[in-house]
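Please read the structure below before turning to the comments.
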Amino acid sequence: MSNTAALALTSKDFTSNQEVRWCPGCGDYSILKQVQTILPEIGLRREEIVFISGIGCSSRFPYYLNTYGMHSIHGRAPAIASGLKIANPALSIWVITGDGDALSIGGNHLIHLLRRNFDMNVLLFNNEIYGLTKGQYSPTSPEGKVTKSTPMGSIDHPFNPLALAAGANGTFIARTMDRDPKHLRDVLKEANDHKGTSLVEIYQNCNIFNDGAFEVFTDKSSKPNTAVFVEHGKPIIFGENNSKGLRLDGALPVITDLASGSFGPDDLWIHDKHDRFKANLLMRCFDTPKPDGSSLPRPFGVFYKESKSLYEQSLHEQIADSIKRKGAGDLDALLKGKNTWEIL
Amino acid sequence: MSNTAALALTSKDFTSNQEVRWCPGCGDYSILKQVQTILPEIGLRREEIVFISGIGCSSRFPYYLNTYGMHSIHGRAPAIASGLKIANPALSIWVITGDGDALSIGGNHLIHLLRRNFDMNVLLFNNEIYGLTKGQYSPTSPEGKVTKSTPMGSIDHPFNPLALAAGANGTFIARTMDRDPKHLRDVLKEANDHKGTSLVEIYQNCNIFNDGAFEVFTDKSSKPNTAVFVEHGKPIIFGENNSKGLRLDGALPVITDLASGSFGPDDLWIHDKHDRFKANLLMRCFDTPKPDGSSLPRPFGVFYKESKSLYEQSLHEQIADSIKRKGAGDLDALLKGKNTWEIL
Amino acid sequence: MKDNNLTDAANHVRSMEELKDVTILFAGDSGDGIQLTGSQFSNTSALFGNDISTFPNYPAEIRAPQGTIAGVSGFQLHFGSVEIYTPGDQCDVLVVMNSAALKANLDKLKIGGTLIANTDGFDIKNLKLAGYIDGVSPLEDNSLGKYRLIEIDVTKLTREALKTSTLGTKEKDRSKNMFVLGFLYWMYNRKMATTEAFIREKFIKSPELIDSNLAVLKAGFNFGDTSETFTTRFEVKPAPLPKGKYRNIMGNQALALGLIAASRKSGLPIFYGSYPITPASDILHELARHKNFDVRTFQAEDEIAAITAAIGASFGGNIGVTASSGPGIALKGEALGLACMLEIPLVVINVQRGGPSTGLPTKTEQADLLQAVYGRNGEAPIPVIASSSPRDCFQVAFEAVRIAVEHMTPVFILSDGYIANGAEPWRYPSSDDLSSIHPPLLDKADGDTFLPYKRDEKGVRPWVVPGIAGLEHRIGGLEKQDETGNISYDPENHQTMVKLRADKINRIADFIPLQTVDQGEMHSKLLLLSWGSTYGAIKSACKELIFEGYSVSHIHLRHIHPFPKNLGDLLKGFGHVIVPELNSGQLVKMVRSEFLVNAQPVSKVKGLPFSSAEIKAEVIKYFQL
Amino acid sequence: MKDNNLTDAANHVRSMEELKDVTILFAGDSGDGIQLTGSQFSNTSALFGNDISTFPNYPAEIRAPQGTIAGVSGFQLHFGSVEIYTPGDQCDVLVVMNSAALKANLDKLKIGGTLIANTDGFDIKNLKLAGYIDGVSPLEDNSLGKYRLIEIDVTKLTREALKTSTLGTKEKDRSKNMFVLGFLYWMYNRKMATTEAFIREKFIKSPELIDSNLAVLKAGFNFGDTSETFTTRFEVKPAPLPKGKYRNIMGNQALALGLIAASRKSGLPIFYGSYPITPASDILHELARHKNFDVRTFQAEDEIAAITAAIGASFGGNIGVTASSGPGIALKGEALGLACMLEIPLVVINVQRGGPSTGLPTKTEQADLLQAVYGRNGEAPIPVIASSSPRDCFQVAFEAVRIAVEHMTPVFILSDGYIANGAEPWRYPSSDDLSSIHPPLLDKADGDTFLPYKRDEKGVRPWVVPGIAGLEHRIGGLEKQDETGNISYDPENHQTMVKLRADKINRIADFIPLQTVDQGEMHSKLLLLSWGSTYGAIKSACKELIFEGYSVSHIHLRHIHPFPKNLGDLLKGFGHVIVPELNSGQLVKMVRSEFLVNAQPVSKVKGLPFSSAEIKAEVIKYFQL
């Protein structure tokens, strides 16, 4: 897999001839654009890249990229991608999935992919709704959500997708949003650099069936107070002109007013993406924050990263071992077996 | 659902006329016995209890209990139980499942059951192997496990079932073992008392295909050093004549020698089953401990308990509400609809 | 109707002309409110007493860019003073709100038909988006000479009508469709009361929008009335439908109502486990609105959870129902086997769509019949019944529950996208008209040992719901011993049980009506044998053919497995049998194998329903041989 | 063989008698090493040159309590100096290690047959466990007068043979089965070398066990030799099998080898995605042992992941294979539709078992045929081929890969539990004997725009594996435009594609052998038409019937979809057609519908194979009509 930095490709090279068919204003457009922007920067040729998706609005994604791709069936992209990765570990594989595709019908394949730790990237477009089927609630929709299928409000307690990924022993867990192109690009690149299954949850606005689901995080006025962007090794700071920070009181994250002066940056929680438990604390900051900053903000960024053996690598090592020990398979010997006799 | 303490039933009353068909020495026998022992003690009539299982050796369980039961299909017991609970919330429902049934093919149904929080008990018989199909590795088998399907050792990183349950927002998470009847009974009773989905992982020895998988925890000589039994509100103590304890150094559990005297019980980690993060620390004590007690022991007991609205309750409340608001459905009005005309 | 009606209409005398039936196709951008316009005209016509049939044709599931062909939404309405069986083959009137709508639908307009075009939708931008590359408007290049063209700048006239309104232009333009609707009400001499009432209710929260929409609606009507250009109005008298009370109903809605009615008539709650999928989702949406009927809807994590939850609910004494389409049905095979083995009531609805795989999710097809009959491991027979029209869905749902509950078996309902979204008048029954359903529930122990698989004279086992003292029992997916239900690996017992399960299903034939001939003689040269949504097209084709003197008959099946007992004998009465299906020939396979008749397929696999013209052509071709 | 052979043998003259063929059934507790004893005798006989056929019959999947009927394990061996097609209907010799084994199998012993009983297995405890409630031993109540009873206290003799050994009694008793084996080797005049070698290899790690087992084996042999009671020995000469090199092979093993061979002959690695299930798991176990053939085995989280991973691997240029049984196959329907739509190579193996639902997991059945042919949503045709015997599995697997790869399609292989675990001699090919397989791989852009769904003369699209510059493309489950593969909702295109996909499959008939008549004339009164594992029983029945002068022929299908081109014509040659199947009549449905012949089913659904006697009886019954 060539990593020669500059193949002199541009985002155009990654744009297919297919007309993009999302609703005007859909968050998917921004994600597509950012992906097309970083692909030329990660030093891969088009033919080395494969996008595998399930079914959903988001899953139309592969058709719009001029790489190899498969728009498969609902929820099964992780399994298909696993088989493909085993067939050819050299490929750079990107799984595109939605909150329904990944967490409803595809939940089992996702958690097994995460535990096996194939080297690939999973982009989970979370719009907290079933878009393609025209607006039923999804496993990430907030409780009480009124949709076509829940006229009196949904009664399911939603998943916390990142906590679920952590519970499944995911080795790279991150969150970003369609409305913050730079952050989106940075997280995608870091995900791509990770050797292992990188799960990136992307908040994506469905302006037709769930418009404004994430407005509190994306709206300029509230964003500073409601969204905190964590960086490895740096103190966790947010708020208007970084006036606030998070401190850890035991296992309890508390908001700290930096303006007051009673606490300085060194008193703050320094984000360590290698610390499973602190990462878990971040993922569990999940209550919808008040715009005024009086409540814990929703964290974005790379929460957790761990290095662990890759499934496809171990598999091919076993093949190599067995060839080393037994020699490359001899078909005639195999057909012959142990006990034979001849009739003359 | 009658809770009159003594219905004067005995474990005999809960024993069906079907001949038990597990291998001699299988851990399932002990679990069956303990279940038959506690059932008379939880104040329910036989007819109020339903056991729903999937497929696997463990899943034969319902046939041996003289209650209502269904031996369903592989992995689907949680979904079947959900439908049954909605049909009749008064029933006491027990899902019986194995590590393959629950975590391999049934993984998705399990995590969705946990997040929805139906009021039922899930007993996960974990023998770290596929017993019924004669010995392939399972999602809980340790890495490198040599089985029929992995002659060179398994390359899957196993699940940590309790961590997965926590990631899925389970509201009651516990671990016990076939070889400790009293602990097993206590945990089962507490699980039954919990209003919500109670997940109980039970270490179960498959003496035919995976004999001794848990010996280090069950064997008298090593048990004191390798297994720690946590109790809510009590310091975490283990070791030969309770000579050791666990202390928390930040998020790091450390073994403390109580004999030395430098630390007393009050310095120890007091188990709080309502603390999600400390519970998570316990669940993550997952490396196989050395018998000599030099490494962290494997915890047993009720790790986490949280109270949350029940799915079936919310569903029936919505029905009641809607009847209150619209009145009990009037079929003729429904058939008539809004716009009608008559032809004379 | 005869073409000349409209062409006559072209000479400039202000006159009122009577028509037997009219087909109008409303077409425009997804955003143009086409579906609303169409359904309003439909309701008004129905309430007026016409017989009607409608066919909404949505763009493919992903919203396509505005103004493009892919973004065109259509609503076809066929109404008349005679009985109507289909939404009409070709249209008398085509309403297009933009260039793409014209390009996509012109072929559906009869020669001499009326074309109403919103000129504002034919600017360069729209022309290009629609793929008129050279940017020349078809309205101007006299390419439309074969039609009666009515050009209206709807946008301009709408804005004018709202000069005084304080609304923004965007809001104003949203009521464009009302202008068109008003104009057509004038053209077909309709009252606007229903639509006015609808507007008042819909916009109850903003009086401003009520006023604007009413104003534009009226403006459209007056535009026809005042403008000199339009000289002819048309009249379509009420249809001589059977006496009774009527309403409009769509297929999926009728399925939901049928289930609720069956719930009432059996005294058991409906449990509906489902995972959303086009075009089945609306059943879930409809049922979720009727919780006050003790309907329990469960949006499951996938189709397997949906059906297994339904099985669990049936075990608990509810009527377990699940529905899906295409790939979602394929996922239910294993669980269907379990339901067969348990012998528990279950209704599985397949609202068929274009396949294979994800296929054509928004298009219609009948290609899942053999899957319904055979798509399981082992010998697992399941009754299969199919609905023939939107209103028939009510009867079929009711019948499916009856069979499932009274015969303790899963039952397959086959509907399809065409029926699901289509609408027609329904002479709705009163609850008393509906027969009651008798579940074989056993609610107390009768002394001697309880045998959960002991059968009654119908071959049906008792339904025992957890909670009853003394009847505790275990059921499961392994082969069971006759009567006791205990696990049994005995070879003879297995053969017995396979036979008992099959007999139980076959005996359902004793509890369903004998097959009737829908059209034509009991003996004729050619039989049209059909099932499902092709009913209307074939019925009207057959009617006309008989009228034209052909020796042809029509048999339409509701019960496909088991077949009605007399079907084999009926078939003997015909020289030849052809089986029109929206697949590559599936029912025809079953009939050939079952009755060894040389039935021949007539296949259409285009994601679209048959037109009666296509059926007629096939038959005439046959007679010319 | 004729019964009297054995009964003659009963008069007490020490003699050597020659037999054409013998059927021995070894039966005992799961723990008694029955399977090992049986397979050792089988190998020895095969190596000696007999033709053989074996049928292991394990207890149901859960280990049953020792000594009970449910715990009985059986191994039936049929060997002869003539060609052998089945494991034998009834046994000449029944070896029982305990009471339960006798009770469970006595009905399989011929009148006058030899019954070898381990008396130690007939104590009160064992009798009660076996259900001889009154505790009276059948060995003592003269109820066995119809048989030649040989009582041996195997346990006692075994321990004696090991007097000097330092092993514990438990270990000693474990070699009981060797005593029986040694005795039978004496009885049938066999060399023990193979078994001795086997013992030396098996216990290589503990010389003690080598010695003990060898000692007991010899003791058993000598027991026959020395004891006066046994006067007759039997001789079964080598069979006149075709010249060549032979080995024994079991069905699942042969499937694995066939896949690996096809991998070599196509130059593509095998990817095997599977989720364990009885009786298919052994294919996974076998393949996992051959990683040095670059076989990639993936134990997936469920059957859906197994097949979709295989599809992903095929997309990546591997030969994607998946296997399952019963309920596991039912779960693969949706993904099969995707593979159809993608037009990608895939092999799906169904080792059928008793159904429906979980059914009879360890028993055999042929009831998944129609599921294989029709069990998907939409028009999704897939080639279906079936193996007729353990060794035939090799050819069938190889053929399936050839079709999948050369025609870019998923292919169904139907095997069953009977074939999967049965063994027979196999004249194994050399790699050069195998034709090579030609995947339509495209490995570089040829200038003009690449069309992933442009077809060759066979109707097959190119296979382009990710990694090739200039050929980047997207595939998916939505209907695709002809040639380009882009998403298309065009009605005409859909019809075209449905037809193109069907034609491609139908045209495979041009690339498979014409159907031959296996036995009998091309024209006769009665045809036995069959498929799959019933081959042996029907072949031998047919042979005998023809020998006895009946006008009967036998056609056995390997290719079920598409049928061989000449099948229809062949069928015309027979007065009547009967179709014996281990289901309620499935192939018969296809044949009736396809060829309108009045073929009649012969059904057996007991979880057991046909005996040739049953087939003969059916035919004779027919001729008596």
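For clarity, chains are labelled A, B, C and D in written order, and residue numbers in each chain start from 1.
Basically, contacts are C-beta pairs under 8 Å (C-beta built on N, C-alpha and C of every residue); 3 or more make two chains touch, one makes a residue touch a chain.
Bear in mind the structure is a predicted one, so any value in this text is a computation, not a measurement.
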Of B-C and A-C, whichever chain pair has more C-beta contact pairs: B-C
Distance between chain centroids, defined by C-alpha means - subunit B, subunit C (Å): 46
Rounded Å distance, subunit B centre to subunit D centre (Cα mean): 40
Gap in Å, rounded to a whole number, between the CA centres of subunit B and subunit A: 30
Touching two or more other chains - residues of subunit A: 55, 73, 105, 107-108, 112, 139, 152, 156, 315, 318, 321-322
Sites on subunit C at which at least two other chains make contact: 70, 291, 301-302, 327, 334, 338, 357-358, 476-478
Arrangement of touching chains [line / ring / star / complete / other]: complete
Footprint of subunit A on subunit C - complex, ascending: 61-66, 68, 70, 275-278, 281, 284-285, 288-289, 291, 297, 299, 301-303, 327, 357-358
Subunit D-facing residues of subunit B, complex: 19-24, 26, 55, 57, 60, 73-75, 104-105, 107, 130, 132-134, 136-137, 139, 148-152, 156, 208
In the complex, subunit A residues that touch subunit D: 16, 18, 45-48, 50, 52, 55, 62-63, 66-73, 76, 79-88, 90-91, 108-109, 112, 315, 318-319, 321-323, 325-329, 331-332, 334-344
Contacting residues of subunit D [partner subunit A, same complex]: 43, 46-49, 194, 238, 241-249, 257, 260-261, 264, 269, 271, 273, 290-296, 298, 300-302, 304-305, 308-318, 320, 334-335, 338, 342, 428-431, 465-478, 486-487
Subunit D partner contacts - residues on subunit C that touch it in the complex: 60, 70, 326-331, 333-334, 337-338, 340-341, 352, 354-363, 365, 367-368, 370-371, 373-380, 476-479, 489, 491-492, 494-495, 498-499, 502, 583-584, 589-590, 592-593, 596, 598, 604-608
